[in-house]
Amino acid sequence: MIRALKKRILAGVSLLAVTGLVVSGIPAQGAATPGVTKDTITLGMSSAQSGAASPGYNKVGPAMRAYFNYINEKGGVYGRKIELKLEDDKYVPTNAVNKVNKLILRDKVFALVGNLGTATHTAALKKTPIIKQSVPDLFVNTGYSGFANPKKYPTTFMYLPSYIMEAKIMAKYIKDKFPDKKVGILYQDDDFGKDGLAGFKAGGLTFVAGGTQKYASLSQATVGLTAQMTALKSSGAEVIILFGVTSATAVAMRTAAGLGYGTTWGPQFIMGSVGADPTTLLTLAGATTPALQAATLRSLTGALSLSFLPAATDTEDEYVKKFIEINTTYNKGVPWDNNVLVGMNQALLIVQALRAAGENPTRASLISALKSKGGTFASAGYSKLESANNVGYTGYWVGRYNSTGVIAPVDGGKPVVYTTDSSTANGDVAVSTFTRPAMPADGVPTNK
Amino acid sequence: MNLINTLIAGVSIGAIYSLIAFALILVWRSTRVVNFAQAGQAAFSTYVGLSFEKAFNNFWLALLAAIIAGVLVGAFVEVVIVRFIVKRATSAATVTVAPVIAMLGLLGIFQGVMGLIWGGEYQAYPTAFSRDGLTINGSQIPFSQNDLFVLLTVVAAMSVAALIFQKTSLGLAMRAAAFAPEVTRLSGIRVSRIRTLGWAFAGGAGGLAGVLVAPTTFIAPNSFDLLLVFGFTAAVIGGLDSLIGGVLGGLALGIGLSVVTGYLGGSYTFMTAFVLLIVVLLIRPQGILGARGARRA
Amino acid sequence: MLVVRSSHKPSATKRTILALIVGIILFVGSNFIDEYRIFQGAQVAAYLVGIVSIVLLTGYSGQITLGQGAFMAVGSYSAALAVQEFGLPIWITFFIAVLAAALFGAIIGISAGRLSGPYLAGATLAFAVGIPALANAIPILGGEQGLSFDIGYAPGKYADTVSPYKWLFWICALCAIIAVVIAVNITSSGLGRQWRAVRAHETAAALCGINPARSKVMAFTVSSGFAGLAGVSFSATVGLVSPSGFTLALSFLLLTGAILGGISHISGALGGAIIVVIIPTVFESWTEEASLGVATYLPGIIVSALLLLSIALAPEGPSEALHKLRRKH
Amino acid sequence: MTLRVRGLTIDHGAIRAISNATFNVPRGSITAIIGANGAGKSTLLRTISGLKRATTGSILWDEISLEHLQTEQIVRRGIIHVPEGRSVVTELTVHENLMLGGVWRLRAQKEDVAAAIEEVYQLFPRLNERKKQRADTLSGGERQMLAIGRGLIARPQLLLLDEPSLGLAPLVVEQIFHTLSELQGKTGMTILLVEQNAMSALRIASQGIVLDQGRVVIADNARAIMNDTALRHAYLGY
């Protein structure tokens, strides 16, 4: 009976399919630019506001919003106020698809900004109309080199230097400063980590036997990293790279402390820029008392990390100074840190991109403006923004955590910025000659 | 040496599984309900502890607050919700299904409320003692002062519980009510009160477990869900009716998972727990120490 | 209790015609609805199949499951692997998903058939946690990032004119309609009556010549097949199969939908699916300007409270309660 | 202190278990309720002890109505119910089972509970021999002794005994009934005994009540019932 039924249904449905295809052949109606009205420009962002990967990153979106509010107060972008719709995808790919679909289809945002995560954004690019509707997808907060691919993702622009660049710079640094030392790595088991591995390979860095350990991206808080860290310890690695998100770095450092790091075990830790924000690490260490705080700081002290922005504590820096001011007034109650700096800096870039898109911005004009002028935008970054090829920043400086939890340039004085590209064919790394543009007056861009 | 280290590493987390198993068994014995909302109750109590920790910066005060919160929440849940549900679910088809679903609903409410009050981001919970591995004969072992504290606290809590159960008339009444509620009522004991007490005790144990485990897992509204799965596995390994069985089951599970994680890798942890649970359910349904024929409750 | 009341439901033919009409309405209607709603429609269809699988297992056969997401994962991974490793066409993978999940369900059912109540609940709970975690351990399954599962565009020249959402919706809705028709036919067949008999009174059913163990395993197998279909539909809506897509939360959500819709009748599944997809959306739009937290957590609280209330007030599900009420008056 | 039951009706869902029953249990008597299986005897006891609620009618003990009291409150008024099926807590030891009977008054009357337990051990020496053993290791007769013993710890004024002879060897039944009769003589308590084994029950009882399909058909002197052949044939089947 069921088989007969199925046949009938299939027959009926194929009939339906034909009718439906005919009916649906009506072309979609053209309309004004989505997300732009006389007074407003609506932007959308999907990021981890809660969940395992959220610590630290959940401050980026609100910081962007704070900067936009500051600009809105100063007259907005050609009189239009910027609104940011912030969605929480918990760093879960299936959620990201839902949220980005909502932003594009229901909220009809003009552009996406600052979306977080490699796996999440890969899913979003695949299953939402970012490409089909040519939605500008600015400053994706990941270093996955695959996103800088104008052929495949014509509207997607990166923010972070790619993980390949980061790995190549790390590789060079390690080979220069720690020659003949055994190197181990802990990486996140997805495209983020694989990108990094490709970069290390290009940079000619080899790992000690048993010194290549990985973790699943959402598992570290629940399962812990004991097995991985124990393996790294017994591999005899003297330099250990932590190439993961902040919560993974926190768990790894804590586990290392349990294994004797700081007392009986003294490897040199080098953390990827993604997982190295000191305030987040401190918070995650549960350092509520001064004594615990000091203990956590001790375990961080001496570790190396990479950055392309000034240290958040560098209050002499003109960008940092202004952002702190804005944070105090427009982002009440949120303590200033590196994540806020990232958000403000992204927002500064976005405002310049919107201005460059002209008085009547369209999605196409935003993309072409960013491509042609992105490299000239003022920002706190010490390396150049390669928006022409949809690439983000292009270099890093290497710093060391001091005893107050601040990353200071290893050699003292001004940071030395290394630059490279995302090619995996070679490991060429050069010292950058880029000079950073000055901060626009009062932190309000006036570019065209 | 490596094997010994792995075994040692499993002891303190095993102690926490024992505590959760203990809470689940206590509730099961008093009401014949597996409290799947225990994960939410424990997280809620731990958040209360964290709030005290932040306000007063005193670990011990926070621990006390979490336990008291656990006791109150446990009693509240029994009096306000469970009593009603158990009374309503009478037909053969619903009597086993309804309480399970009710507990899930309760879990959802707990998690939502926690998210509203404390937010969804992962927060760290401090420890009272150092988490650096102890050094024995010059070599460091993966067992810290804090692990020792966890272990001793669980042992102490279990000893107090054992003392109450074996040596006091309250304990006698609780044991009797667990196995023969009608006879207990006919002996003049208010079984409904004993039930509430069972839930309250279990809630307190959950709060304690939460504070002890939170430094290693972080705390978020749903961060104890997996702990619940492990606790349940431990309880079943021991036999859902036997408190001692549950405690031993927890330790066995903690050590077993530590060995698997150490030798095969973290990805196999959940799978091992699952396989273990199924094997125990199929081969020895009454658990290691459980009474026969209890499985088809 | 064993005398199951004779059904006055329409015959298989009538049901098929009804399904066709529903299909036509959905098909034509999909042209007049905005794309986000269509996307949600596809989600509702995927959840609907998942909820049907729970209604069959829990509502009809009386076996509780907290781990339906695991069966969905088995179906989805099988389908994605079939595409990735053997390059099979997408439409075949839907059948593969159903078969793989059903096979898996049969194996689990044989073990689970010996359990009941909280033990079964706990075992399926561990299952829901264990299976997605396993995906992280087996390299071919692509770790946390998972595998791609892309149903692509409408065939031939329609690829440009039919939006991918509409295409997605059509496929998911088609799956859902077929699933519901088959499910209704099963429940009104002898098999469905057997299940209900075992659920109502195992011993009595056995005395009537029904083998309760076999009946339970059968229910598990059939239900898992539906879950496999739900999984593959669900994966189609997000374009990938990953462990984070099959969380405990998903399993709980489906069970919640099944209970709220009315666990004892297939007809409740649609209501349940709509509730679990729409409630969060509704709340998000209400709380647009409020804090993100309210939008994130309030729907969960409301849905859970509804779940608790419905169990407290009508342990057998709302439709059963209504039925009883009718009998009384 | 007489137990007065007036117009008592008890329903099990749609089934009427006891219909309009009226009878007295005089103080200091042993009253046997007899009747066939399903006559509603156990239901009657369960209602007196508060485990079940009556549909209509009243139960008065010492001029206090019991029908709205909780089981625990009824116990505190000296009414102790020993349900059928040798109801002991098998997971507890013999001694713990006896203790259980006194937990409710332990705080106020600790010494008397200890004394009562001692008396039970004297009454049933075999329990004393096995006091450390778990109750599930006892024989059927010993369990029944333990169940009754648990009831005696409360020093009942009214003891409700449900089928103490069920499934026991005749010799054991004889012994238990003998002990009960002796005990009643000593303490003067009232015993309401539900039995299918009518002969044994009526032999120690002073009064008999015959239930048939939920109705009280006879309430009379025990000896008179035993001697009424027609009645025995009609309701007791011998």
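Brief remarks follow.
Letters are used for the chains, namely A, B, C and D, taken in the order the chains are written, and counting of residues starts over at 1 for each.
Keep in mind that, in the parts below, contacts are C-beta pairs under 8 Å (C-beta built on N, C-alpha and C of every residue); 3 or more make two chains touch, one makes a residue touch a chain.
Computed from a prediction, not measured in an experiment: that's the story for all the values here.
Chain centres defined as mean CA positions place B nearest to the mean of all protein CA atoms. If you tally contacting C-beta pairs for each pair of chains, B-C comes out on top. Centre-to-centre, using mean CA coordinates, chain A is 38 Å away from chain B.
Centroids of chain B and chain C (each the mean of its C-alpha atoms) stand 31 Å apart.
Measuring from the averaged C-alpha position of chain A to that of chain C gives a distance of 36 Å.
Shown for chain C are the residues that touch two or more other chains, namely 133, 136, 296.
The set of chain A residues touching two or more other chains comprises 49-50, 88, 216, 219. By the definition given earlier, chain contacts exist for A-B, A-C, B-C, B-D. For chain C in complex with chain B, the touching residues are 58, 62, 64, 66, 111, 114-119, 121-123, 125-127, 129-131, 133-134, 136-137, 199-201, 248-249, 252, 255-256, 259, 293-294, 296-298, 300-301, 303-308, 311-313, 315-316. Interface of chain B with chain C (complex): residues 28, 33-34, 36, 81, 84-85, 88-94, 96-102, 104-109, 111-113, 115-116, 119-120, 222, 225-226, 229, 232-233, 236, 240, 265, 267-271, 273-275, 277-278, 281-282, 285, 295-297.
By the touch criterion given at the top, residues 1-2, 5-6, 8-9, 12-13, 16-17, 19-21, 23-28, 49-50, 86, 88, 92-94, 97-98, 101-102, 105-106, 118-119, 122-123, 126-127, 129, 132, 189-191, 216-219 of chain A touch chain C in their complex. Against chain B, the residues of chain D that register as touching in their complex are 49, 51, 70-72, 75-76, 80-83, 87-92, 96, 99-101, 103-106, 150-151, 154. Taken together, the chain B residues at the contact with chain A in this complex read 2, 9, 53-54, 57, 115, 119-127, 130-133, 135, 139-140, 142, 144, 215-218, 220, 223, 226, 261-262, 265-267, 269.
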